[in-house]
Every structure is written in C-alpha cells, then in structure tokens.
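Pasting the structures here.
Next come two complexes built around chain A: one with chain B, the other with chain C.
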Partner chain A sequence: MGVLLTILIPLLSAIIVLTAAKNSSQKVAVLSAVVSVVLTGVLTATYFASLMPVEGVNWTWVESMGIRFHLEADGASLLLLLISNVVTLISLYVSLGDKYRNPQNYYALILAMQGFMNGVFVAQDLVLYYIFWELVLVPAYFLLLGWGKHDQIRKVTLKFFLYTFLGSLLMLVAIIWLGNHSGGFGLDMVSGKTISSDIQFYIFAAFMIAYTIKTPVFPFHSWMADTYTSAPAPVTILFSGVMSKMALYSIFRFVLPIVPDAVETYGVLVMQLAAFSVLYASLMAMAQKDIKKIFAYVSMAHVSLIVAALMINNVEGVQGALMFMAVHAIVTSGLFFTSHILYRSNGTHDIDAFGGIRQHMPVFAGLFMVVLFASIGLPLTNGFIGEFMILTALFKANVLALVLASLSIVLGAVYMLLTYRKIMLGPDNTSGKFVDIQHNDKFLFLSIAFVIIFMGIYSTWITQLCDQAVLNIFQP
Partner chain B sequence: MGSFDSTHFISLLVPILPLIGFFGYFLYGDKFSESKIGAIATGWVLASFGLSIILFSQVATNGAIHVNYFDWIQAGSIKIPFAFQIDQLSTIMMLLVTGVGGLIHIYSIGYMHGDSGFSRFFAYLNLFIFFMLLLVMANNYVLMFAGWEGVGLCSYLLIGFWYKNPEYSAAANKAFIVNRVGDLFMLYGLYMIFKYFGTFVYTDITGMASSIDEAAIGIVTLLLFAGATGKSAQIPLHTWLPDAMAGPTPVSALIHAATMVTAGIYMIIRSNVLFTLAPFTNEIIIIIGLATTLIAGMIALKQNDIKKVLAYSTVSQLGLMFFALGVGAYAAAFFHLLTHAFFKALLFLGAGSVIHGMHGEQDIRKMGGLSSKMKATHLTFLIAVIAIIALPPLSGFFSKDYILASAFGKSPILWTLGAASGLLTAFYMMRLYFLVFKGKSRVPADLADKVHESPSVMLTPLYVLAILSVIGGFMNIPSIFGGNRGLESFLNPIVSLAEVHVDHSTEWLLMVISTILVLAMVGWAFTKYSKNNEVPESDAALAAMPFANILHRKFYFDEIYDAFFSKPLLQFSKTLYKWVDTNIVDKLTDSFGILTMLISGQMRKIQNGQISFYLFAMVLGILSILTIFILL
Partner chain C sequence: MNAIILLAVVGVFSMFCGLFRLKTLALPIILLALGTSLFLFEYGLIGDFSQYINNMLRFDTLSGSFSIVIVFTAIFLFIMSRYYYSEKIEHLTDIYALLLFSVTGGIILVSFQNLVMLFLGTEILSIPLYILAASNRRNLESNEAGLKYFLTGAFFTSILLLGITLIYGAYGSFDIEQIVSHIQTQGNSPLFLLGAILVLCSMIFKLSAVPFHYWAPDVYEGAPTVLTAHVSTVVKIAAMGALLKFMSFISNYESTVWVNLFMVVSIISMAYGYIVSVVQSNFKRLLAYSGIANVGFVIIGVIIINENSSAYILYNLMSYSIAAILSFSIYSTIKTQTGIDNIEGFAGLINNNKLLAIGFLTALLSFAGIPPLSGFFGKYFIISHAVFSEYYQIAVIAVVLSVIGAYNYLKISAAIVKNNEDIPTLNLSTPYKLYIILSMLVIVLIGIFPDQVLGLLKI
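Up next, the complex of A and B:
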C-alpha cells in the first residue's frame, strides 16, 4: 500500500492544490512533497529491515490481455523514488523564492509530474509502465509551454514533445510485441523469456532509441539545451534530476534483463556512443555563454556516462550507474539552483553580465564551489564515488570508451573553473545589486552541500540498497 | 585489541583535528579576533603534531599500524576501505606535514596580519593539512588519491586567495587544470591497477607484484609517474608551479615547496616495489628528472622575482629527487625530500620576510644590502642558502651527496649531470643571496626608510627551520663519516637498502670535486654581484639578448601550450558547437519535423472531398497492388 501511496499522495495533492486558495497552493505542495520524502524514507527503512522488495498492489486490470495494475519497489526502485521525491522537494523549495502566474496550475502540474514519475519507478507491468511514462509528458509539456521563457517557446515545447514522444512510440511497439510473445505484460513474465537474437536486436534498438532521446545521448540531444534553458529553474531541476532518470532506470529495469543477448552484442556500440557523448557534451559546455546552458551540457555529460556504465553490463558498472544517478540528481539540482540564484540577482544567464560577485555573496560562493567540485568529481564529494566506480569498470570493459569518457575529467575542470572565475572572481564589475543568499535559499543550498559531502564519504548504503536488485539481473 | 583501541582513535584524530579547524571557521571565523583565530588554527595542527609523535614512537618500537574504519566505496569486486597504514614512511611524512605545517601556521599569524581574509586563510591552511595527512596516511591508492586531489583543491584556493586579482585566479585555475592532466593519467594507473591486481590496498599489491605481467607493471608505473609529474611539477607539466607564486608566501613555503609538491615522490616511494620491476619506467624517470633539474636550474639563472627564483629552484630540486628515484635510490630521494623541506621552507619564509619588510616588493633588482636592516632574516636565509648549495656539514650536503653517489654507482655520466645541476643551484642561489642582502642598496628612495625587520612571530619559525637545516643531515650519516644511515635503516621495512657500489676513496674524491666546484660558483657569483655590484639587466635589455631571453621567458613553455592546447581547444569547441551541433545535428532533427509537416500538408490536399477523385485513387491503388503481386 505504501508504494501505491507514493503515486497517490502527489496526485491527490495536485487536486487539492487546484481547488485550494491561490495563496495556499505553495504550502500544500511543499507539505505534500515533505510527506512523500518521509514516506519513501519509511519504505527504504522497511526494505533494509527485511531486504525483500516492498510489496505494493497487484490487481487484475485488463484480464484478456494479461495487463495488471502491479506496483512493487525493490532496492533500485526505492533509490529512484528517493531521487524523485527529494528532487521534487528541492524543486518546490527553489520555487519558494519566486512568484508564478497561476500558482495553482503550476504547483498542481509539478505534483502530477512527480506522481507519474513515481509510477514509472514502481510499475511492474509494461503497459502500466508505458502509461505512466507517457503521462509524465503531459504535465511536462504544459509546464514548459506555460511557464517557460523563450522567444519561440511553442516551437521549443513542440520539439521536446514530438521528439520524446516519437521515441516512446517505438518503445510501445516493442512492448506490444513482448506482451504477445510472453502472454502477458508483467515484468516477471516478460523477462527471462527466450527471444531470438534478431528480434532481440529490434527490441533493443526500439528501447534504446527511446531512452537515449530522453536521457539524452548524442546525437539525440538537440531538444535538450533549449528545453532545459527555457524551462523555469524548478522545472529544469525536475527534468534533468528525475525525468532523465526515467530513461536510465528503464535501461536498467527492462533492457538489461529482457534482451541480454542484444546487450551483450550491441551494448558496446551504445557504450562507445555514450562515451563519445560525454566528450561531446563537455566540448559543447565549453562553447557556451549562457550559464544555464553550460549546466545543461554538464548534465548531459553525466547522464551519458551513466548510459555507458549500464552498457558495461556487470555488477560494478550497473552499481556505478545507479550510484551516479543519485549523485547526478543532487549535483544537477545544485547547479541549476546556482544558475537560478544568479538569474534572480541579475535577470540574465549571460556569463558576461557577471564578475567579481564573490565579495558580495561569500556564502553562495562557498556553496557554489562545493557543487562545482562535485560536478567535476573531486574525491570526498559524491561526484567522485559514482564516476570512479564507473570508470574503473569501464577500463576493464572497453579502453576506447574509457578514454572518450574520461577526457571530461580534464575538460570539466577547464570549463567549470573558467565559469566560476568569470562569474565569481576578479574585480567587481557589476553595479553591486548582489545580495548573499539567505533563509530558505541558504538552508536549501547548505542541505545540498551537506548531502554532496555526506554521500562522498558514506556511500555504501546506496550500493547496499541496490545490491539485490542488481544481483537479480546477473544471477537470476 | 580491546573494545576501545586508543591507537585507532589517535590515528583518526591526527587528520580530523585540522579538519575541525576548517569547519570551525564557519562557526567563529568572523567572530573571534585575529590573534585568537591564528592561535586556534595553529593549535589544531600542533595537536596533530603531538599525536604524530606518539604514533611515531609506536611505529618505531612496534612497527606499522593498520587501522580500518569503514568501507568507503563498495560495488561488486570493487572494495575501497577508509583505512590508514601508518608505517615508517607515513609517520615521518606526518611529522613533516604537521611540524613544518605548524611552523608555517605560526609564521602566517604575522605575515597575514591585517588581511581581510585572515580567518579564511587559516581555514584553507587547516584544510590543506587534513588532505595532506589523508594523502600520506591512506592504506590504498584511491584514498591517497582523495588526499592528492584535496591538496590540489587547497592549492587552487590558496593560489587564488586574493581573488579580486584576475591574474591570481588565472594562476589558480592553471594550477588545478595542469594538475588534473596529471591526475587523469594517475587515474588510468589506478584503473589499471584494479584490472591487474583486483585491489587498491598497498600491502596486497606489494605481495602480488612479482606475479603480475611485467609489461602491465611497466605501463602502470609510467601512468603513476605521469601523475607525479603534475603534482610535483616536472617537465612537461611544471608550468603551473612558478605561476602558483601568486599565492601568499607562507603558502608557497608549505604547499609549493615543503609538502604538496613532494607528494609525487612520496607516491613513487610508496610504490617502490612496482617501480623496481619497471626498468623502462626508471629510465624515463631519470631522463625527465634530469631534464627538469637542469632546465629549471637554467631558467632560475635569469629570473628577477625573488619568489620565481625559488619556484624554479624547487622545480629543479624536485627533478633531482626524481632523478634519485629513477636510479633506484629511494631512501636518498626521501632524505633529500626531508632536508629540502626544511631549507626550502626556510628560504620561502625568509623571502616572505623580505617581501613583508619591503612592503610587497619582489623584484631583486630593487633590493640589495638588506643584511644590515634585516639581520635575523639575513642570517637564517644565509643558512638555508648554504644548505641548498650543499656545502658541508649542512643538511643539503648529505642528502645531495647521497643522490650523487648513488648516481655514480649507476654511471659516471649520471653523476656529472647531477653535479651540473648542483652547480646551477649554487650559482643562482648565491646570485639571489648577494643581490638581495649584499652589495649596494638599490631600494627605491621612497621605500628605503620604511624597510623593517619582521616581527618575532615570523622570525621564530625561521630560527627553528634554520636549526633543522643545519642538523637535518645528521639523520642519515653515511658510513664514510662513521654513521649508519639511520633514516634508511628506519625505512628498511618499506624501502630495501640501496646498494651503493662506490668505494670510500672514490666517494671522497667525488665529494671533494663537487664541493670545490660549488665553491668556485660561489666565488664567481660573489665577484659578479657583490664585489662588482652588477645588477641584472632590465627586461628590455634581456629581450635583446637571444639566449638569456630564452631563459628569462622560461623556454616558452607557456606560449607553446597556449598556442597548441589552450587556444585550439576553445576554438575547436566553439566550431563544433556552431557547425556540427547547430548546423548539422539540430538542423537534421528539425528537418525531420519539417519534412513530416510538408508531407502531411500535401497529404491533406488529397482529402479534397470529391468522390470522383477518391474513386480514381482507389482504382489506381488496386491496380498498383495487382501489378506488384503479378511482378513478384
């Protein structure tokens, strides 16, 4: 039941927000997000107590087609639920400092998106999963269209929607085939079935195109930069922090166990493409003048690395991937929060409009630096843990992929330190309208920094959380 | 082991205390007075020093201490403990880091007096001590790497400490990025270690080394060495260190002379079992070490900034240590690491005292005759100079002599090249000394009256370091002087005793020759800069001198890197973004969309509502299907 609640609480709260008074919508939303985080924490504790997947519900839905309303959360699902709910809370917390048009609609859409995303992470039936997956697009679409800032916001939104929707359709075809083949859509029925190797290839391709678009990985990323930059910061945090994880989680949950032979054969190609994508995104980040775009490409480099890690297809690689999902969720939230604070002070993301603001914002400067060094993988921040696990496994798997992916260790330092220097250091060449972060912002940023360092020192609880789920794939 | 193991606890406290100091800054950094903050920050480090002494005595009597705290990283077969190995090597490093570190903390109380970032400075210094201790105490490569990058972070923070100056923050970025290049190779080395050894723990690796493929060990050691060239400023990754002088002078003494830059040497000594099995790597190390020590020594001849001279001197001395590592004289390299830490820290602190007294002036062409105005600084600086140019019986003599004797054991040519480096050192150090302290005063008139000696809080560390520079050599007296190489015997569990195949009469001869040559250099520098009062050329005059200018411009390393790496990389990324990403990838994606719209637009026209057209289309369709069926 608890698992079902992770979906129901946000959705019901969304309805409450819609009907509640305008000025209370924000409070209701934050309260709901706090409850969701606490609930996920309780579920995680339950898991650690028994080391058995947390049962949800398992109802017959469309009996004739073998579709069930089946929810369950194993360790990996719980990790993703934690990511989803914590990042939603961060996103709502970031929203606290801003005023939004139609706040009821805005907060209701965010909560709805949270509920659907949670559904993606616990659905045990492919059709149910697909429905949640597509439902996420609806609030995402309206959030971007209604609150995004771009001269051609309709074009940006349409591109985002069509592109990711196109990928999903391919996935739907694969899901239908799998359901027919297995006599039902339950994950337990579909995985482990013998599928001929050419069919495996088509299913692999269909799934991976959908997921590499959503992640995104080169060359399917062209929707990403504009979408991430024009969305309001809290929505960007949701997109990059959670929505991209839907794709990464799905690779773990569906692709690896359902088409293992295809992963074995073609995984290395995707791995190299993803590794190239890390390098490509790092080079793109270097060429940007828009702070938010820089961070968008940083995020792309990180998620591409996770795709490469999943394609290593062994315990170390997959554990590294899951770890880095948690890492990326926190770090990317921190980065987009940073760009948002800057935007609030100066009304722009243009890097040239800043300079020497460290002296006005010492607390912000320090916390920004923590996030920055986490994003370039400094040891004792969480960024190092995931990256090191992945690259160690990648070296054993494929040296070419390793070299492509690891160059970002240097490139990341180049553009991130340059960015920091241009924004924060040097003589003060702004009109001095910068005030240091306070109250909510300070509390949130401190919490993010704390989690970054805490996870950088004590990380094994995440591996332990995911251990059984990962082993189930490799030792069924 | 009892329920409460005090060694366990003390070992953890050693690095944690300075870390508490760092976090304390956020609690009281803007509340307490300068003197209080300075005293507290120094207190943490000195407390660590005290605990390190306890651990040292335990190691000396009972041997290495291994303490395991918790699993830091764990996934499948990857298992990295958060654990310390406190053995003969690390315990000396701990004493060095906390001891010299503590002295430099004390000195900084005076040097940073009145700086608006006073408490922040001490927070960074404390954090540095934490990471440096982590580096030397770790029992595995990954935890050591955490300290390794952590000290890089502190170096970055402290070089750019005066962040309002854009040049300083540029130097800080450069230091971190160049180090990252080295670190990338180091990481490759670590990945490879895991592939072949399946572990990162030193003791496990040492046990397995002889059973691993030699080619693999060769590559691993090359990669580790490449990592060391970054941190320890060896060619081709040395360019960041001279720029790093942008940081406050105590930082240059602590980080960029005595401790952090020697991390590469520590790491190789730590891995000596692997390096002994890699003859090719050792040859590369000899070549790089020699090239660095000679080139940096030559560059130092034509530098006119007091700190730049010392920076190149550091690069040169580090090169000499690598040279020693390459010939397999690990104990000699470590010996020189220690003595160098004493006299180079002293030189930098002395330089800091001069800069302090000169109100920020660093150009040695504007100094001269300072010995009368800064007596204590002058005396201690002179001791350090004598130590570094290796005149007996000061510490530098013993350590450098040991390196040269070991080199001679390999080949007389190596000895000659090593000795040549010593001659360069003798000349540029004496040049520096005479230009700063002797001869006629060239101090600008408006400054001349204001030159003053530094306060005692700055001078006390100078005295201590001066004593250490004098007696430091006695910790490893060779048998030729009736000693028993105490340091080397102590290190024996980690580094096997070097066999120096040089008989005593040859050793005497070599010693006398090199000492006479050094004295000749001293005489030459004396005549030139003290007796004849020569002043180094102005920058404009230097530009007209082809060879000297190459030295003055540091062999154009920076310009070359800028032209071949920095600028092209940025340009490449911009071109890639503009042409590939915007014009190809994005356009292609959009064109799919546009194509769909065009087709659907055309298709829509077909649905024109005329029954006759539909009929026509239907017939056409049936006919074409039939045709296809017949043809197939």
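Up next, the complex of A and C:
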C-alpha cells in the first residue's frame, strides 16, 4: 500500500492545489513533497529491515490483454523513488523564491509529474510502466509550454514532445511483442524468457532508441539543450534530475534482463557511442556562453557516462551506474540551482555578464564550489565515488570507452574551473544587484552541499540498497 | 428490429412535432427512444441472433455491438445538436428526423444479411446526409458541400449496385451465406472478385479512406458542424461495421487480394491523412484529414480478420467518435460566438474559458493517444492486433505516422494554452457545461476500463 501512496499522494495533492487558493498552493505543494520524501524514507527503512522487495498492489486490470496493475519496489526502485521525491522537493523549494503565473496550475503540474515518475519506478507490468512513462510527458509538456522562456517556445516544446513520443511508441511495439510472446506483461513473466537473438536485436533497438532519446545520448540529443535552457529552473531540475533517470532506470530494469544476448553483442557499440557522447557533450559545454547551457551539457556528459556503465553489463558497472544516478540527481540539481541564483541577480545566463561575484556573495561562492567539485569528481564529494566506480568497471570492460570517458573528465575539470573563475573570481565587472543567498536559498544550498559531502564519505548504503536488485539480474 | 422500428417511428413523430408546433417535445422523445434502443440492444431483448424479413436482416454479435456503439454515439450527437441549433431555426424537427433516419440506416447497414439490405442500408444512411449537408441553405459553402457529397455519393451508390449485380451474376444469390456456400462449391469466380472489390470501394468511400477521400475536406468544412460530426462518427462506424461483416464472410477466399488491398489503403490513408493535415489551418479540414488517417489506422484491423478484430476496431471507433463529437461541439460553440474557425484563433482559449479549453485538450490528447484517455487503448489495441498477426512493418509504420498525427493535435493544444492572447469569455448554459463534463468523463472512463467496455459491447 505504501508503494501505491507514493503515486497517490502527489496526484491527490495536485488536485488539492488546483482547487486551493492561489497563495496556499506553494505551501500545499511543498508539504506534499515533504510527506512523499518521508514516506519513501520509511519504505527504504522497511526494505533494510527485511531485505525483501516492498509489496505494493497487484490488481487485474485489462484481463483480456493480460495487463495488471502491479506495483512493487525493490532496492533499485526505492533508490529511484528517493531520487525522484528528493529532487521534486528541491525543485519546489527552488520555486519558493519566484513568482509564477497561474501558480495553482504550475504546482499541480509539478506534483502530477512527480506522481507519474514515481509510477514509472515501481510499475511491475510493462504496459502499466509504459502508461506512466507516457503520462510523465503530459505535465512536462504543459510546464515547458506554459512557463518556458524562449522566443519560439512552441517549437521547442513540440520538438521535445515529438522526439520522445516517437521513441516511446517504438518501445510500445516492442512491449506488445514481448507481452504476446510471454503471455503477459508482468515483469516476472517477461524476464528471462528465451527469445531468439535476431528478435532480441529488434527489441533492444526499439528500447534503446526510446531511452537514448530521453537520456539523451548523442545523436539523439538535439532536443535537450533548448528544452533544458528554456524551461524554468525548477522544471529543468526535474527534467535532468529525474526524467533522464527514468530512461537510465529502464535500461537497468528492462533492457539488461529481457534481452541479455543483444546486450552482450551490441552493448559494446552503445557503450562506445555513449562514451563518445560524453566527449561530445564536454566539448559542447566548452563552447557555450550560456551558463545554463553549459550545465545542460555537463548533465548530458554525466548521463551518457551512466549509459556506458550500464552497457558494461556486469555487477560492478551496474552498481556504479546506480550510484552515479543518485550522485547526478543531487549534483545537477545543485548546478541548475546555481545558474538560477545567478539569473535572479542579473537577469541573464550569459557568462560574460558575470565576474568577481565572490566579493558580494561569499557564502554562495563557497557552496557553488562544493557542487562544482562534486561535478568534476573530486574526492570527498559524492561525484568521486560515482565516477571512480564507473571508471574502474570500464577499465576492465572496454579501453576505448575508458579513454574517451576519462579524457572528458579531464576536460570537465578544465571547463568547470574556467567557468567558475569567469563567474566568481577576477575583477568585478557586473551591473546587476548581487546579494548573498539568504533564508530558504541558503538552507537549500547548505542541504545540497551537506548531502554531497555526506554521500562522498558514506555511500555504501546505496550499494547495499541496490545489491539484491542488481544480483537478481545477473543470477536469476 | 424493434429498435429500428422504434427509431423510424420516432423520426416520423419528430416531423409531426414540427407540424404541430411542439418543437421542444421532439428532442426529449428522440433521446428517450435512443436510450430505449440502447437498452434493447444491450440486454438482448432483440439481439439474440434473430433474423428478420426472410433472413435479410440478422443481428449477430457483430451487428449488435456495432448497433450499440452507433446508438451510443448518436445520443452524444443529438445532445450536441441541441446546442448547435438555436430553438428558433426553422425545420429543426425535420433536421432531427433526418439525423435519426440516418442513424436507423446505419443500424440496418451493420445488420445486413442480404446484399439488398446492404444497398438499402447505405441509401437510408446517405440520403438524409445529402439533405443535411446542404441544410444551411443561405450559406454557399453548405450548398457546395451538399452538391458535392450528393454527386460523389450517387456515383458510388451506382458502383455499389454494380458490384452487387456482378456478385449476383456470379452466384445467383443476394444472400451472403448462400454466396459463401456457392463459393465453396463452385470455386472463385472473377465476376465475384470484381463485384466484391466494387462493393468494398463504395464502403471505402463512405469511410473516406484514400483513394476515395477527396470529398471529405470540402464536405466537412462546408456542411453544418452537426453533420460533420455525424459523417465523421456514426457514418464511419456503420460503414466499418458493414465492411467487417462483409469481410468476415469472404475474407477466407482470395485472401491475398484482401490483405494487399487493405494494407495499401491503410498505409496510404495514414500517410496522406496525417501528412496533409500538417498544413491545414482550418479546424474542420484538419479533422477531415486526421479522420482519413484514423480510418487508415482502423483498417489495420481488417487486414487480418480474427475473433478480436471487430472488438479492437469498435473500441477505437468509439473512443475516436466521442472525442470527435466533443471537439466539434466545442469548436462550434467558439465559432458561433466569435466567428473563429482556424487553429491560431484558438490561442489563449484557456485564459478565460477553462472548461472549454480543458474539454478541448481532453479530446485532442485522446486523439493523440495519451493514456489514460480512451485514445490510448484505441491505438494500443490496433497496434497489438498488427503485432499479434505478425504484421510488424505495419505496426512500425503506423506508430511513426501517428507521431505526425500527434504533432497536429499538439499544435492545437499549444495554441489553446498560449498565455499572451485572449478570447473573451463565452456564454455557456449549465446543461451544456454538464454535457462537456459528461463527455470528458466518458473519454476517461472508456480509457481506464477497456475490458469492461468491451464486455458491455458483448464482443
């Protein structure tokens, strides 16, 4: 039941927000997000107590088609639920500092998106999973359309929607084939079935196109930069913090166990593509003048690295990938929060409009530094743990991918530090009003920094949380 | 059969209502009659495989369930027409009567057992349409639509007759079961093949699938919106029912011909409909083209006919119809009160007209196939039918093309939620608001409980 509540609480709160008064919508939304985080924490504790997947509900739904309403959360699902709910809370907290048009609609859409994303992470039936996956797109679409800042926001939104819609419809065809082949859509029925390797390739391709679009990985990334930069900061945080995780989680949950032969054969290709994508995104990040775009490409580099790690197809790689998902969710939230604070002070994302801000905002400068170090993987931050695990696994698997990925990590350090120097250090040549972060922002930023360092020092709980789920894939 | 008689009598009654100045009485009686027929079909008081008029009409499972959907859709259509026509319009009751006759013709069409009844059903369905299309007499476009529809329709009626005659020439019978038994004993005949193809052509015309689609955009645009809604919903359901019934008898003979024929029709309709609708700016024309595409999508279910195809087709048509009537209704409300009829004109609808906008968005997202709206399972069932029948290429083509379709619907949604333009608040009566909410509820409920819906349709 608790698992069902992770979906119901945000959705019901969304309805409450819609009907509540304008000024109270913020508070209701934040309250609901806090409840969701606490609930997920309780579920995680239950998991650690018994080390058994947390049962949700298992109802028949469309019996003629063999579709069930089946929810269940194992360790990996719980990790993703934690990510989803914590990032949503961060996103709502970031929203506190701003005024939004039609706040009821805005907060209701964010909460609805949270509910559907939670659904993606706990669905145990492929069609149910697909429905949640598709549903996430609806609030995402309207959030971007209604509150995005871009001259041609409708074009940007349509591109984003159609790109991901195309991918997911191809995935739907593959899902229907799988259900027809195994006589039901339940994950327990589909997993581990013998499928001939020819057909495995087609299913692998259909799934991976959908996921590499959503992640995004080169060459399906062209929707990403515009979408991430034109969305308001809280929505960008949701997109890059959680929505990209949906794809990564799906690779872990569906692609690896359902089509193992195809992953064995073609995984290397995807791995190298993903590693190239890391390099590509890093180079793109270096060429940008827009701070938010830089961070968008940093995010792309990181998620591509996770795809590469998943394609290693062994316990180490997958554990590293899951760890880095948690890391990336926090770090990317921190980065986009940073760019948002800069935007609030100066009304622009243009990097040339900043310089020497450290003098005005010393606390901000220090906390930004922590997030930045996590992003480039400095020891003692959580970024180090994630990158280290993935690179170790890559080292054993594929040297070409390792070289590409490591090269870009060096590049990452270079351009991130350059960015920091341009914005924070040097002579003050800005015109905006820079006041150091206070109250809510300060609290939020301190919490993010704390989590980054806490995870950097003590991260084994994440590995323990996912252990059983990962072993289940490789030792059925 | 009782339902057919009931609806026909009520149609005549409605005309008398006009004569005796009882205009307000007509609609409640019609809705009551439709409700009763729905009840009759649903609870099998007449649908028990009965045959009538020397086995010329026969209500089997397929006819029964198609009739249920026809009547159910017609109820929404009549409620829509209540708000489309003002009370003061002359001949209102005649218009109701014609619509009702057309619905009756649809029921006859889907329950034919004898090719003569197929012809009669088609005619009873169509002749009111020609009149209704031109019923807005002072509007030049309406006249054009009526004339165009009449001329092409008459042409295809003669094609249908020619086809029936050829089949009769081949086997000496009009009864479809006897024809089938003759095929089994005497083998295929080229006359029969030609005749069957001509009969199918006339059905494809009624469905407005490529290559006989060219009338659709002009008729949709010019005709009164109620008629447009009728042509794109009830008429298509009826024609599809007849097509399925016809094919369920003959699909085992010359099966490669039918598979290829429907495959080509389906793919070309989807491609043409979706791609051409991208450049449309008039809402009714856009729905005409996307309707062409949706028919192409539905025809995937006819390529291979098995025990599930009629259920899947019916579900898709039903979900499409309810959403189409809702969107036409909202469109006509906006059109009559502001005169806007192109997509960009809807910009900012949501700012002052929340209910209309949300209703519109529900219909559009259902068209696009977003869960949990009914359009999702409508799409899902057809795609799974293609996958189950191992026509993977069709499934992939269909989903890729339906992304283009989604582009159209999202383009309109994007306009609706635009925030820097406004449409003044429109007057809506409370019953009309309830009607919109009811339609939205139906769209959501059909989408959430597909199994139960198919159970109610007894299919």
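Everything below uses one rule, namely that the second predicted complex is superposed on the first by the 475 of 476 C-alpha atoms of A that agree within 3 Å, B and C clash if a C-alpha of one lies under 4 Å from a C-alpha of the other, contacts with A are read in each partner's own complex, and residues count from 1 in each chain.
In this text, a residue touches a chain if its C-beta (ideal position, glycine included) is under 8 Å from a C-beta of that chain, and two chains touch if they have at least 3 such contacts.
A quick note: this is a predicted structure, and the numbers were derived from the prediction, not measured.
Engineer: For the overlaid complexes, name the partner, chain B or chain C, with more touching residues on chain A.
Structural biologist: Residues of chain A touched, chain B against chain C: more for B.
Engineer: With the two complexes superposed on chain A, say which partner A:1 touches: chain B (first), chain C (second), both, or neither.
Structural biologist: After superposing on A, A:1 lies clear of both chain B and chain C.
Engineer: Given the touch rule stated above, what does A:64 touch, chain B (first), chain C (second), both, or neither?
Structural biologist: Second partner only, chain C.
Engineer: Based on the superposed arrangement, let me know which partner A:145 touches: chain B (first), chain C (second), both, or neither?
Structural biologist: second
Engineer: Counting only touches as set out at the top, which of chain B and chain C does A:162 meet: first, second, both, neither?
Structural biologist: So A:162 meets both chain B and chain C here.
Engineer: If you stack the two complexes on chain A, which partner ends up touching A:319: first (chain B), second (chain C), both, or neither?
Structural biologist: first
Engineer: Touch check for A:42: first (chain B), second (chain C), both, or neither?
Structural biologist: neither
Engineer: Show which residues of chain A both chain B and chain C reach, each in its own complex.
Structural biologist: 162.
Engineer: In the complex formed with chain A, which residues of chain B make contact?
Structural biologist: 70-78, 82, 142, 145-146, 149-150, 153, 156, 160, 163-166, 169-170, 173, 176-177, 180-181, 183-184, 187-188, 190-192, 194-195, 569-570, 572-574, 576-578, 581, 585-586, 588-590, 593
Engineer: Residue numbers of chain C touching chain A in their complex, please.
Structural biologist: My answer: residues 365, 370-372, 376-377, 380, 383-384, 387-388, 392, 395-396, 399-400, 402-403, 406-407, 410-411, 414, 417-419, 450-451, 454.
Engineer: Of all residues in chain A, which touch chain C in the complex?
Structural biologist: The touching residues are 61-65, 101, 127, 131, 134-135, 137-138, 141-142, 145-146, 154, 157-158, 161-162, 165-166, 169-170, 172-173, 176-177, 179-180.
Engineer: Would you mind writing out the residues of chain A in touch with chain B in their complex?
Structural biologist: By the definition above, chain A touches chain B via 159, 162-163, 218-219, 221-223, 280, 283-284, 286-288, 314-316, 319-320, 323, 356, 358-359, 373, 378-380, 384-385, 388-389, 391-396, 402, 406-407, 409-410, 413-414, 417-418, 421, 424-428, 457-460, 463.
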